[in-house]
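Consider the two complexes below, in which subunit A is the common component and subunit B and subunit C are the respective partners.
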Partner chain A sequence: MKNLFRSRMLWVALAVAAVAATLPWWLSAYVLGILTLAYYFGVFSMAWDLLFGFAGEVNFGPTFLIGLGAYTAAIIDANWGWSIPLCVIAGGLVALVGGLLLALPALRLRGPYFGLVTLVAVLLLQNSIVIFAGVTGGEIGMMVPDVMSVSAESNYWIALAFLVICAVLLFGLSRSALGLILQASGQDPTGAQALGFNVTRHKLVAFCVSAVFSGVAGAMLVFYQGTASVGTVIDIGVGVQIIIAAVLGGRRTILGAALGAIVLIVASEFLRPLGQLNTFVVAAVALAVILFFPDGLLGNLLKAKEQT
Partner chain B sequence: MLWLQILIDGFAISSLYALGAIGFTLIFGVSGVLNLAHGGVMVVAALTGWALASHFGLGTWLGTLVGVLAGLVSAYVTWLLVVRPIQRSRAIPSEEKEIFVLTGTLLWGIMIQEGLAYLFSDNPVTMRPLISGVALIGGVRTPINEIMIAVLCWIVIGLLWLFVNRTRAGKALLAASMNPRGLTLLGFELSRVYFIAWTIYGVLAGVAGVLLASFLGVSTNNVGQLTASAFSIVVLGGLGSVSGSLMAAYVVGYLETLTAYLIAPTVRPLPALLLLVLVVYVRPQGFLGRR
Partner chain C sequence: MSEIPRLAVRGLTKRFGGLVAVKDISFDIRAGEILGLIGPNGSGKSTAMKLIMGLERPNAGSVQVDGVEVAGWPPHRIARAGVGIMFQHSRPLHRQTVLEHIKLALLPDSLIRLAADPDVDRRAREIAEHVELGRVMNRHPATLPFADLRRMEMAKAIARDPKVVLVDEPFAGLTAAESKTFAALIRRFRDEGRAVLLVDHNVKSLAALADRVFAMYLGEYVADGTADEVMRNETVRRVYLGGKIETRERSPETVSDKPTLLQVDNVGVLYGKATALDGVSLTVREGEFVSVVGLNGAGKTTLFNAISGLVPYSGTISFAGNSLRCMSGAAIARGGIVQCPETRELFSDMTVRENLDLGGFHLPVGARRDQLAWLFDLFPILKSRQQQTARTLSGGEQQMLAIARALMMQPKLLILDEPTLGLAPVILEQLSKAMDLMQRTTPITVLLGEQNVTFALPHADRVYVLEHGRILWEGDPGRFEREMAHGFLEVVGDDETPPATRARA
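Then we have the complex of A and B:
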């Protein structure tokens, strides 16, 4: 815990968050909406970075967990009318179970197999949702009767608070003993095992944590947008955006992932006039980042500070 | 009668899947790269071939040839612009190189998809059949084009087998997939082997793409699905095993055809995906996988 509060990065981030909390007083509702979406994406990316940056496992299907959480919450709300917090919790729990089911066999595999399995999981979920369109609304998606709030400001503050809480929790986790063990497991599994740590169990824990955060964030996104659809929470394109955001921001920094997500979504908005080339440019920039600045924005910033 | 139709249709689509999957597994076996831009390469070949055949009026055969060439070029670009720079990058630690190559090829695939969609729109296109006409096989009306596609696929597979097993360069390729370091100790230049591997990959993916356009039609929306099918098949068959991919392609092709005919076309991809999940749980190295 002490490590957490000693971290300068965290205090800087909290200061930035405090400034961000004042934004609704001088930004339009449209811009607030974009930032709200970006904050939820930030949580997706941070959850992904915990798994990738630390446990070293590339999860090509973060949207599997997000989609599970989102659709569970949506279906429960639409059919049984539970209150929003209960639906969100349910979404997180189902995502946790899904994550366990996915991770238990997947973590036995080495190398590219793990990534492939996660990708297949997303495809399976996507196909299942399309096939059971009666319950899930298929490709068009489904509407949810309850929404958290209709005011752009309230939604913004909810999203910001959610992002800050998740950031503190995930960042704290990354700086804790568990985080260090995860880092060791990710970068040198043999060495970590030689020191007596159960690498598979730790990676499983990381996966579960990632799953819970992803699921809860997915559910909250549904109650923000009022709809759940394949295109917003499950599509592989969404997963790729999450990965790009995390790599762009700097892997293994957690906070960098949130930064990357915000930069990505805001940049996409600026590129909107390009129309269809929008995604192309984003992918091209991400590729360039991978080729020339693989440490990402925050990663390079931290490296620069280390060298001075 | 239905069974015969399923048999024939399944055979054609499986042969096509096999061609795509073999290229994918070859590149993985030789250079350890899971090319997630695979679908992109195929669609580039398909759309270029179509554009030249119809738009520029070059005719189907010439269009097909140029399409294959386009596939080859995009394979080279993928190697030289994306894969090799990442593999040689000094900024990326070596344990993470694989992951970065995966992400890089994924991004490149998206770039191809969106770039093509910008140039061609995402409407599906079909190439005119290479040979038009219908044949009667045991009472089932089959387009001659379909038969030709299956035959072409097998000719290419046969040529590949001949190359790998009977020529020196091909044997070097096989050796590189087993032990690259040992190969360099024998005096072979790995970069030349990689060049040959990517050339073969480009041709395989190009032919598969162009034939797919001729058989089922292709659009930029297929890019992701094509990559997904290829690696599902390859994982089923065993990463790195060409014969495994061949077997798995037929299993998946027939599973899909049976599903489409007997259950419903909408659930077509599902049984293959379920089989994949089962294999991953029970026998992750696939049918004939090595690792």
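Then we have the complex of A and C:
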């Protein structure tokens, strides 16, 4: 834990968060709305980086876990009217169970096959939601009766607090003894095994942690937006955006992933006047960063430090 | 002798498909004993080490650590049972310091302990000092020299406090002085009552360190005993050097006035921080058959890869007068330098005929037919195997196919890298005959890399000896037999005088 508090990166991030907390006094409700969405995406990206950056497994289906959390919360709320916190917890639990069922067999596979299994899982979930339209609202999506707040400021603060809590937990985990073993398992599984670590079990735990955070964040997003729809929480395109954000921010940094998500979402919003070109420009910039700075925004800063 | 050995291996066997990589190997290592496991490349010694660590599952046999049967366990359980390994190449983590790497090795396999014991930090620092990493323990491995990376691997092994330590090629890539420090560290393992297994290509580097030596060839036991006994063993000498050396003198004037085809000048190659080639120069004239002999790890493959444009190098390499510096591997191959790699690289799911046709893809139909007919004369066995897929061929047949496919490209210079690797003597004879026929029927130029001197010499016009990435000697096969054969043996033997001094004298 000592290491955690000695990390300058975390203190800088907390200072930035404190400044971010004052933003509602300066900015319009419209901009706050964009940032709120960006913060939830930040959590998605951080959870993804734990799996990719640390455990070394590429999960092409982050939206499988997010979607499970989001739809579980939405269905429970719409049908049984549980309170929002209970729905969110249920969402996290179902994502955890779903993640376990997916990862247990998938982690036996080597190389790209793990990624392919996660990709197929997203398509399966998407199809099931369309098939069981009676319960899930199908392609149109489903409204939830409860929302967290109607005030843009409150929604913003809730999202920011959630992001900060998740960041501290995930960042702390990444800097812990467990995080160190995870990195070894991801980067040199043979070496990690030879040091006596059960690599498969550690990767499974990473997947579970990633699933819980993704599921809870997915559920929170539903109660912010008031709807759950395939297009916002499950579509492959959403997953791709999460992955690009994490790589853009910097692999193996956790905090970089959140930064990348905020940059990506805010940028595409500001480029909206470009119309169709908007997505193209954002994708091109992301591509350039990945090609020329594969360590990402935050990764490059860390790398400079490592050369000393 | 009534005590239970720290490590007891009995009847260990591993098959990869039809290939028996390790066959019925048995040995013991007692507490405080160092056993050297030697054998040429492909002898199965590395596989044996992986079987002990659990990185491969044995098909049969037993591995006992202090009397506990661990064969077939997953590696992390074997590690916890007290087996530690020092890999030849370390793969350090990206963002961790040296100290953090050592701490990692000290952590328990626990999912709930988020913070390490305060004791871990102290232990890690102690170990770092112990292996002389104290100065650099807060640096990142990427900034360290090669020897320090090896030290870090050593520190990780010490941190696990293993009963049995497996060390893969302990001195590869180290200078003489660094090797000495390492030998001292390995001796401390022995003094601390651990059982140590050193795996290496040749006896020489282990002779001073190992209490006993165990030699393998083609997966089987060949000899064991003290280093001296093993070196004197008839079979071991034959394995390393082949049988009696025969040379076939070609009249010298046939080649000495031919123009130079390949000129290698002062070429050096670094793998990360390890020196693989150091100031190598050699010349191949048109129509010549040049052999580069050297034990595995001497740098033959690296040299050939540099010539084929597959690894970056310093110095110059020119072919028929043109520098190859800026050419891609594919362009070099089209230019006439075709390498037949040690690993053969056949398209294993294609038939023999398809493999050959791909090799001759650029030839006009008529020329391809003629070339194919000539190759079937050279390797008659391939003609009868045309419709078989390459993976079903025996090792010797695969090697013939690899050479034939290279010849389909009608190279000006054919590079053969260790064609005899892992082949039985009877196959060697067939290959040797094919080489003979090839030399008599075409004006092809050949550069051969070999460990097996018996195979390398008969065809050669000139011979280079490569050791530790440097050319030690050059001359014709006749002189090799008179001057170098003894010296080359010494590479395997225990003589402290480097062969180089003798050759230059």
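The criterion applied here is as follows: the second predicted complex is superposed on the first by the 304 of 308 C-alpha atoms of A that agree within 3 Å, B and C clash if a C-alpha of one lies under 4 Å from a C-alpha of the other, contacts with A are read in each partner's own complex, and residues count from 1 in each chain.
Just so we're on the same page, a contact is a pair of C-beta atoms (placed from the backbone, for glycine too) under 8 Å apart; a residue touches a chain by one contact, two chains touch by 3 or more.
In this text, all values refer to a predicted model and were calculated from it rather than measured experimentally.
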Combined model on subunit A where subunit B meets subunit C, clash or fit: clash
Residue contacts with subunit A in the superposition, subunit B compared against subunit C: B
Contacts of A:V120 with subunit B and subunit C, given as first, second, both or neither: first
Contacts of A:A20 with subunit B and subunit C, given as first, second, both or neither: neither
Touched partner set for A:P105, first subunit B, second subunit C, both or neither: first
Which superposed partner A:Q187 touches (first subunit B, second subunit C, both, neither): both
Touching partner for A:I89 - first (subunit B), second (subunit C), both, neither: neither
Touched partner set for A:I243, first subunit B, second subunit C, both or neither: first
Set of subunit A residues, in rising order, touched by both subunit B and subunit C: 187-188
Interface residues, subunit A side, partner subunit B - complex: 52, 56, 58, 60, 105-106, 108-113, 115-117, 119-120, 123-124, 127, 130-131, 187-188, 236-237, 240, 243-244, 247, 276-277, 279-280, 283-284, 286-287, 290-295
Contact footprint of subunit A on subunit C as seen in their complex: 53-55, 74-76, 79-80, 84-85, 87, 90-91, 93-96, 100, 103-105, 107, 109-111, 113-116, 139-140, 142-143, 156, 160
Residues on subunit A engaged by subunit C in the complex (per definition of touch): 1, 172-173, 176-178, 180-181, 183-184, 187-188, 190-199, 201-202, 205, 252, 302, 306-308
Sites on subunit B touched by subunit A in the complex: 28, 34, 82, 85-86, 89, 91-93, 95-96, 98-100, 102-104, 106-108, 110-111, 114-115, 117-118, 224, 228, 231-232, 235, 239, 266-267, 269-270, 273-274, 276-277, 280-281, 284, 291
